């Protein structure tokens, strides 16, 4: 047991857990005041139900085969783990294998759980201000089992993408960001635009909340990326450095572009740029040097900014721009790492592998998310009524009010 | 010296410190806007005065005997430590004993200080919106010396409950939550209900604040529970896992019950459930496996929800439900651990020991808190005037206003 | 490689990064609602541009000579590092020297970067509600290269103050707080007071924001100070303890003085006192015992409180009191450590060295900041127009609104 | 029709709504306000800087009512709110020339 | 001159502003408000404690207008806002005795 | 009695309160508002989406005054607030039929 590594992974797990409240605030500030609580709860609920799902079956399904015993394989390719560790019971008993040398399996499982929590939470930006709470909760439970877990196995659990194809994903470009971004795109299209979208001014009700959220996200992201080294060593420190450089660069570049194109540098622009940079560096954090990170950050700052226009062009209401930031940002990082990686992983064919991995992820998630959403829509409906949407989801769904300042 | 363990305890200490601001926001969002600052300050002040009290005498009184020298004993039972380490001076000098192998005594003392800070802060929810600031400050200073310190010695300092009785309290079910919960009950009864309690709608003024607070609490609680392993090892990772599982489960279960009983799942419900789960798992975090944690979380989610009704039944105004969440939650965890503990500590008689420990804590804290509160009430009065209460404590006590948005 | 030390430095780096959002909120709550976003962004932007500056040249200039190769020297005194590590490339390659034994150079560089970020951010309190965004951004870029980096080398990079003079600065009394405080004083004088300063009531628009910020600052400061031990050992634990004791004491003492002098203890007073204590203990955290920290905290609580009056006496509008808190607080700690240090560094002549170091810092920063500010003022102007100032900087500079609560 | 306008302390809102429910008054509208009057302002001190704060948190309550009930509505508010201390506030009556209920299109007294 | 006063649902503001832009009306002022009327209040439950919440979020829109245009302004709002459901709100007309435009010093109808 | 109503820029509140203190006016009430008028709205862009923002932050100030002092109160506000730039705002006078001071029960002019 390496106590330093264990300390760092526990710390990182806590940091990644904090990202979900951070995300909730980041998103929450951007919706109208009448929907703030509904937005917060659709994020927080992931900390509830995904914890249960992961503990009962998700963790074991995704990584059970790394602890001991067999996996579901198709012609030699690992597809899914086993259910031997139902309830995460006995994962560190004598006789089990250590998934990562030096740290307890329970630490690894908790670190991974935090990723499983935030990924569906990321999606909710696309359906802000109009999705039912029950439908959302059901969706993320099913999605995390059907879409997320198999992808995690494929990339990090010795499955096709990571092992057979040999694509790289340091901290979740494929598993987290492209995955969430594609699901967001599908949901946004299927649920349709908000009432008044495109005609009336639907503006952020509290950018200070969004900025608090951005700060917590940035902070937590060090756990996300540097924690993904799964040790407290040179690799962790380098991933930390790449993360900071990409975030700072993307935020700055976004502001510059904004200033040039629109005339004003904005607070929301800084926050958006920072997150775009953090997303883009995620798959690459362990593979690039600081100048590589700077390039990835700069590209993310420009490209994600312009990607905001996609939703106007293709006429879908991805309300809080999950596609432009997470899907596009995730692709940027996953692909550029094929070009910019240094050391062992540098090499001509890596780029091709990365592109293939991105395509697989998009197809996988796109198809399954659509089916899931369709099913849920048929059974219980995805969307609130017009009346509920107008009144605001806080009162109509949760019977609460965000702010009461009379007394 | 184990640098990994030291890193983790320092990190955990910082995390637990953050819980007090987190608690302040959690509570602060639930009061009316005119009392927000008074609520924040009544929490923050604990970070001030308890730090001084603990540094000067509290730390030495509670644990001085573990560093070196003798304790106050009654017929062989350790009652209290010594004052040899006044000002926490010399606690790591050559010749002192190490309280916990591998980490400096100063790290242990700081970790413990953070517990001594948040415990009285928890109480304040019961007297929200009506207690004098000076009386509150005086109360927590005295309470921390008279009630908290001896209990900490009794449970964690080789005293009666931990050593002689053999009851277990991994991270503060007795010392922190039941202790604070009983004090809250006593104070709520003694200070009486708020003006307008039961007749007019006294609603939370900013649930987003409460949710920020809940996020920070959850985050910090990893330090609280996993830090209580006092090392960065398997036990810490397991406690981390139990914490996450119980929190997520309790929050989810609370929402389910709420939905079934009241018709709506609420944001405040999620936050309340999460905290209830965190409270309940606290005494047990190091002793149960994930399924045990899940059971504890589920029980806390249901029972604490129904325990909210106690205050209506018994007609006391425990304004922010410290009793339902901390007293009841703490009892749930402390008792259930007697049933659900795995490994060495499992065994028939443990349940009895746990119940006895709970009863001792309730009697100890109940009696002493009542005396203290009575004394302070006689000397300087516990409660603000009606006029001050109506005007709001922010202006009447602190001469400040929480929000000013005209310009 | 010491994995525990590395874990702690990565954690500390993340904690110090979080201080800048914390500071943004701390400051942001104190301005009027129409300037909240402009205040947040002037803090956050440091996380953008300083990251780029430091990565490209700052880090190498400040500490490149400690990794390998030569420094710029004047008659044997190190003045500045080299540019061999442009882009922080190759700082951990075989053949490089380790700056701090046990941790990667990249971890050290990131830890230092976070200090380089927050230092200019501290300054912005002095020019709140009236400085142009472009001018501010340009200012901090230049200031960090011209003023900050050489001072960091002089104190921590084997330069004059630390090595030749032998002055002590554990975590940034000189480099961070006095440095920022002097720059704040110069800028406040040069940019002139806000419209309506002294005549109309310019009050904090959201003290809850300020208190959230204070909480995050306190939390992050453990990384700042205890991280400055650059290891997870006794020294780190002691610095942690000193930090907590000074913060708690200063906050308490500030409230007491406030109560006696002005009649009310305030929330803003607690937050201000805590920060003053944290500032004052910064240079001394590794050198004093808890009682020494208590004295430093108490002195900071009283003296910084009275130092608020300086701006009225000398008639400059240091809007958020950077001078009273950071300049005065930094001097208190830097000087008192000459008296209160225990162990090796205790000794008569240390006080003299400390005073000389303070004077050098004040002169250095004062002169260069004035020149820089003058240059920028001539080229692009420091201050917004009266019309923009009246309208509020959020709309006039950033074309955004902080709060929109109609719907 | 008349518009009865009251400037009162915020913690009175509940009381007034409660009282209104027991009458035939069809509704009311509340607006947050800040008031300055005989009630002494206070001095707030933020970090040593003293500000004379003249504006006190108040609410402005508006009740649309037919001519006949206007005086008793005024008295009702007076009664509910009266404590005798400075800052109790004021009640005004304005004349309303026309009213329409949007939902039904009813006008005049019918729309009240 | 008249002051046309409307209590309507918050999400109507954009519609009204849009409609006003297509007329000769020179401007309007919006104030956040909370209303109580026929629209049923709802019960909110915070941690098990039930509160009858009578006040619903509304806005109060004020349009200063010359005498002739007052009725059509009233109708315009009625038209834009009408859905037929409870809570649509009310429009009132008050008489205004005098007006001055601060910028120019114009008075009366010229200042509208 | 009259109710003098002014829509002005928020940073004018302090000036008006200050000016009122030097007169015999007994008080005033301030309400936050958003205004639309000749003052050009501006375009805000949030993440690339452009919104025409017509509403500008304003305040609405209300002063209850006896008949005689109404015109000079109007002029006083005009004077204090006037800058000559668009957005300075408007002052209106409404007639008030009756007033009561809740604390004392005084009515009419005595209650002002």
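When the chains are written out, they are named A, B, C, D, E and F in that same order, and each has its own residue count from 1.
Here is the rule we go by: a residue touches a chain if its C-beta (ideal position, glycine included) is under 8 Å from a C-beta of that chain, and two chains touch if they have at least 3 such contacts.
All values reported here derive from a predicted model rather than from experimental measurement.
**Q** Using the touch definition from the top, list the chains contacting both chain D and chain F.
**A** Chains touching both chain D and chain F: A, B, C, E.
**Q** Going only through chains that touch each other, how many steps at minimum separate chain B from chain D?
**A** The fewest steps needed to get from chain B to chain D is 1.
**Q** Write down the chain pair in C-D, B-D or B-F that repeats the interface of A-E; the criterion is over half of the contact pairs matching by residue number.
**A** Matching pair: B-D.
**Q** When the contacting C-beta pairs are counted for B-F and for C-D, which pair yields the higher total?
**A** If we tally the contacting C-beta pairs, C-D comes out ahead.
**Q** Using only the C-alpha atoms, find the rotation that maps chain B onto chain C and quote its angle between 0 and 180 degrees, to the nearest 5.
**A** Answer in degrees: 120, to the nearest 5.
**Q** Indicate the whole-number Å distance between the mean C-alpha point of chain B and the mean C-alpha point of chain E.
**A** That gives a centre separation of 49 Å.
**Q** Please compute the C-alpha centroid of chain A, do the same for chain B, then give the distance between them in whole Å.
**A** 33
**Q** Two-or-more-chain contact residues of chain E, please, as numbers and ranges.
**A** Residues 10-11, 13, 30-32, 34, 44-46, 94-95 of chain E each touch two or more of the other chains.
**Q** Could you say which residues in chain B touch two or more other chains, in rising order?
**A** Within chain B, the residues that touch at least two other chains are 2-5, 7-8, 11, 34, 201, 203-204, 206, 212, 216, 232, 264, 266, 268, 399-401, 403, 405-407.
**Q** Mind pulling up the chain D residues that touch chain C in the complex?
**A** Interface residues on chain D, with respect to chain C: 44-49, 51-53.
**Q** Going by the contact rule at the top, pick out the chain E residues touching chain A in the complex.
**A** Touching chain A from chain E are residues 9-11, 14-15, 34, 42-46, 57.
**Q** Can you check the complex and tell me which residues of chain C touch chain B?
**A** 2-5, 7-8, 11, 15, 32-34, 203-208, 211-212, 214-216, 218-219, 222-223, 226, 231-234, 236-238, 240-241, 244-245, 247-249, 251-252, 255, 263-268, 270-271, 273-274, 289-291, 294, 392, 403
**Q** Taking the complex as given, what residues does chain C use to touch chain A?
**A** Residues of chain C touching chain A: 1-8, 10-11, 13-14, 17-18, 20-22, 24-25, 28, 36-37, 40-41, 44-45, 47-52, 55, 87-90, 92, 103-104, 106-107, 109-110, 113, 133, 206, 209, 212, 216, 232, 397-407.
**Q** Going by the contact rule set out above, which residues of chain F touch chain D in the complex?
**A** Where chain F meets chain D, its residues are 1, 3, 13, 17, 20-21, 26-32, 62, 64, 94-103, 105, 111.
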